[in-house]
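A single structure is presented below for examination.
In order of appearance the chains are A, B, C and D, and numbering begins at 1 in each one.
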Amino acid sequence: MNNRFGTIVLDISFRVIIPFIMLYGVYVLIHGEDSPGGGFQAGALFGIAVVLSRLVHGEQAILNVSGDKALILAGIGTAIYGSVGVVTLLFGGNFLEYGTLPLNISEPGRHALGILAIELGVTICVMSTIVVIFDALVGREEE
Amino acid sequence: MKEQLPALLIVVPLVTALLSPLVAYFSTRLLRGLHLTALATSFACAVGTLIHALTEGTWHYRFGDWAPPWGIEYVIDPLSGVMAVLISLISVLVLLYAGPFLAEEGWLKKGIYYALYTLLTTGLLGMVITGDVFNLYVFLEISSLAAYALIASGGYKATVAAFRYVLIGTIGASLYLLGVGYLYAVTGSLNMADLAEKLQPLLAANSQAVLIAVLLIMVGMGIKMALFPLHGWLPDAYTYTSPAAIPFISGVMTKVMIYVLLRYCFFIFGAMNGVLPAVLEIVGWLAAAGIILASVMAIAQTDFRRMLAYSSVAQIGYIALGMAIGNYYGLIGAVLHILNHAVMKSCLFLVAGGVKWKTGEHAIAKYAEISRRMPVTMGVFLLGALSMIGIPPTAGFFSKWYLILGALDNQQWLYIVVIIVSSLLNAVYFFRVIEQAYLRKAEGEAKPEETLASVEIAIKNRGPELPYVMLVPIVVLGAGILLLGVCNNVIVTNILHYALPGGGL
Amino acid sequence: MKLIASVAMLCMVGIFFTTTAGLPQIYNPHSAPSEHVSPRYIEKSTKETGSPNFVTAVLADYRGYDTLGETTVIFTAGLATALLLRSRRTPSFKNEQACLVKGDPDE
Amino acid sequence: MQEFFTSYFIYWVIFLLFLLGPYGIIFKNNLIKKLMAMNVMQVAVILFFLVLGQKMGGEIPVEVPGLLGAGHYINPLPHALMLTAIVVSLATTGVSLALLLLVQKHYGVLEEDELLRRMNER
């Protein structure tokens, strides 16, 4: 394994930092209800983690979400958001009316869960889009 | 489920577009079917909402069931219903037509192309039926981004044109957003109905901030719809784009922008308030100048698509002129011309794409004898051209007729002169093409510059006419031109009459 | 062209600078934006949406549909970049003709 | 006069930033500079909205237990709107960078006059 950033210090530190970035992303995603944060920021963090891991590990990266799959994943992420709305439609509410989600908890609780679900969708979409753009810009596809 | 129609109108194509890379991964045949179904569903929903709006009055749909000034609502009155029907109809037809152009692509490209196309449709539909000014901006950006990508997919020159369009379009969108910011600063609201109510006292008091907001929104949307001095992005973008996407973009996109302007001027600001008459007067003069100059420019073009692009600028001028005239007939003329021109221009670009498919040529000079090779297509072209010129039984005549009636009512003689002169100019540049296609003989056997590509196309696309999937949309839109012309009275009295501000004044 | 543009921009500078008085003062707690729609978000969002973060409540619940549009914008951007940059090298392009569909042979 | 200055000065800065956009797009020759000017313009609009949301003595819009009332928090609506606008500007920038990359690859130049010359040659 060669040193992709020139020196061993940078290489190792990036390797070490990746799990922490992901952890921070999870925190930002889940804590977005109570403090500044949310899906977009978490998605950006996850995206950076994936890109960084790819830079450090190359093809052997564990998080090798790449190319076409990332594009499909971005669509699925946004579709999760849309499908929350469709579920509320099916249960007799208006589009994105979280109060009608079929869950046995209080009204604000249902809203909060709905918000979490859509934030998850947003996170997936942002993460994969960053990977798609990165892939496209560095042009390492299908060669 | 019936009360959810306005949401379904948007959500069905939106979700289809989102999942289209996934679907494309498994089967491209399924992808095409799915998208056609989704857009057709959207069309059905649009018709349903229009009927509802006509029979039971304006339809308000709340997202998340939040009451309007706090949440986002969709408002479907006859005007937006008509626009939604128009957009979804043309979208279905052009998607049907686009099939053969994409036949040789890989799954990924097909998936992306269909997704972008459907997103463009979704964005335009969302802009048309939304009742919230910021939501309009979001959908404006969805449709713009999709349009940038579709335009750029036409080759390298198209890339440069698309980049220019990105810059200019973003200026337009930012101006619009700043205008919304001004409105928000003085009223604190983003809902259109709420804004209209809160703006009345401010407009009556000639508030400076509202004046700026009016100007910003006018200029922003003027850029987006290619009103005359701001049309710089349009000819290149239309000329170099791939023939599969341009009929939809040219036919509908600028019309939606002018619809937004119409909505702002007559439903939110109220046209007779404060500074609006003066601003509309300026718009009218610009439109008049644009009609004449763009028609002259169109005469000078040698490329069929470029000619159509300049003619688009001129036709946008007609609609803006109707808006500037601003009385009952003027507005009827403007709205009718939105419909007519969307159908006519889509139809003409479909024909242009068809000829390209057949011969690989876009230059007018190469159109000789083409009428013998593709009689049906060129027949529809003849119809479209007559309609653009404004020959009576076709659609184009009637909108011009209403515009002239409106100008007569307001005694704006110059506008009448402009309309008549521009009709003559239209006749000049369309007759050139008609002459080439029908009367001119192909010059001898010597076929100039027979490149490898053109031979390839000629071999592959042999046969008397276009494939059926391409021919059907052309014929349907051609029939639409006739239908809009013959039934214009029915449409005006039964639909458009109720679409105007105040339910027909 | 450039002359007209600069004149237009000077006009815009003039108009903008002379009409700032129509806007609410900064930090003014009684301006229209702070008094009309937003108080409900601040006062009721915890009860109505279960989220003490008002921005999240507005973003994801009251105006959740906007956010769906926004996510779609990102997805569209991803699609656009993928269409423009990646697929130029797909095997289906035999002759380096860089058009999505049967584009200009004159490229 | 001083009060006027402190209350409205920020708007003037924003307008100058905003007009930097059209200025750069029209008068600069390099396409990347044009793109940067476009970004500055979008940021100016975002600033404009954020300024509208400020309140004297307002906290950040996250509820502190026990502190209720609209006057205690700054206006959350512009922030939510501008999150959307930021994302839109990011998306536009991404797409235009992709376009520029293609232009650069094919024509080998990003100066507008040279680019137009090379376009007309082919």
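In this section, a contact is a pair of C-beta atoms (placed from the backbone, for glycine too) under 8 Å apart; a residue touches a chain by one contact, two chains touch by 3 or more.
Everything numeric here is computed off the predicted structure, so don't read it as measured data.
Student: Pick the pair with more C-beta contacts: B-D or C-D?
Tutor: Result of the comparison of B-D and C-D: C-D.
Student: With chain centres taken as the means of their Cα atoms, state the distance from subunit B to subunit D in Å.
Tutor: Here subunit B and subunit D have centroids separated by 28 Å.
Student: Find the geometric centre of each of subunit C and subunit D from their Cα atoms only, then give the gap between the two centres in Å, rounded to an integer.
Tutor: Taking the average C-alpha coordinate of subunit C and of subunit D, the gap between them is 10 Å.
Student: Measuring centre to centre with CA averages, how many angstrom lie between subunit A and subunit B?
Tutor: A distance of 36 Å separates the two centres.
Student: Once you find the CA centre of subunit A and the CA centre of subunit D, what distance in Å lies between them?
Tutor: Chain centroid spacing, subunit A to subunit D, equals 25 Å.
Student: Quick one: which residues in subunit C touch 2 or more of the other chains?
Tutor: As it turns out, subunit C has residues touching two or more other chains at 16, 21, 23-24, 31, 33-34, 37-38, 41, 46, 52-53, 55, 57, 59, 61, 63-70, 72-77, 79-82, 84-86, 90-91, 98, 107.
Student: In subunit A, what residues contact two or more other chains?
Tutor: Residues 34-36, 71, 74-75, 78, 82, 85, 95-96, 98, 133, 136-137 of subunit A each touch two or more of the other chains.
Student: Name the residues of subunit B that each touch 2 or more other chains.
Tutor: Only 14, 18, 21, 63-64, 108, 112, 115, 134, 138, 141, 145, 148-149, 152, 156-157, 159, 184-185, 190 qualify.
Student: Name the shape of the chain contact graph, picking from line, ring, star, complete and other.
Tutor: Graph shape here is complete: every pair of chains touches.
Student: Could you pull out which subunit A residues touch subunit C in their complex?
Tutor: Those residues of subunit A that touch subunit C are 32-36, 38, 67, 71, 74-75, 77-78, 81-82, 85, 95-96, 98, 106-112, 114-115, 118-119, 121-122, 125-126, 128-129, 132-133, 135-137, 139, 141-143.
Student: Which of the residues in subunit A come into contact with subunit D in the complex?
Tutor: 34-36, 40, 133, 136-137
Student: Touching residues of subunit C toward subunit D in the complex: what are they?
Tutor: Within the complex, subunit C contacts subunit D at residues 2, 5-6, 9, 12-13, 16-17, 20-21, 23-29, 31, 33-34, 37-39, 41-43, 45-46, 52-55, 57-59, 63, 66-67, 69-70, 73-74, 76-77, 80-81, 84-85, 88, 98, 106-107.
Student: Show which residues of subunit B lie in contact with subunit A when the two form their complex.
Tutor: Residues 4, 7-8, 11, 14-15, 18-22, 25, 61-65, 108, 111-112, 115 of subunit B touch subunit A in their complex.
Student: Per the contact definition, I'd like the list of subunit B residues that touch subunit D in the complex.
Tutor: 134, 137-138, 141, 145, 148-149, 152, 156-157, 159-160, 162-163, 166-168, 170-171, 174, 177-178, 181, 184-185, 190
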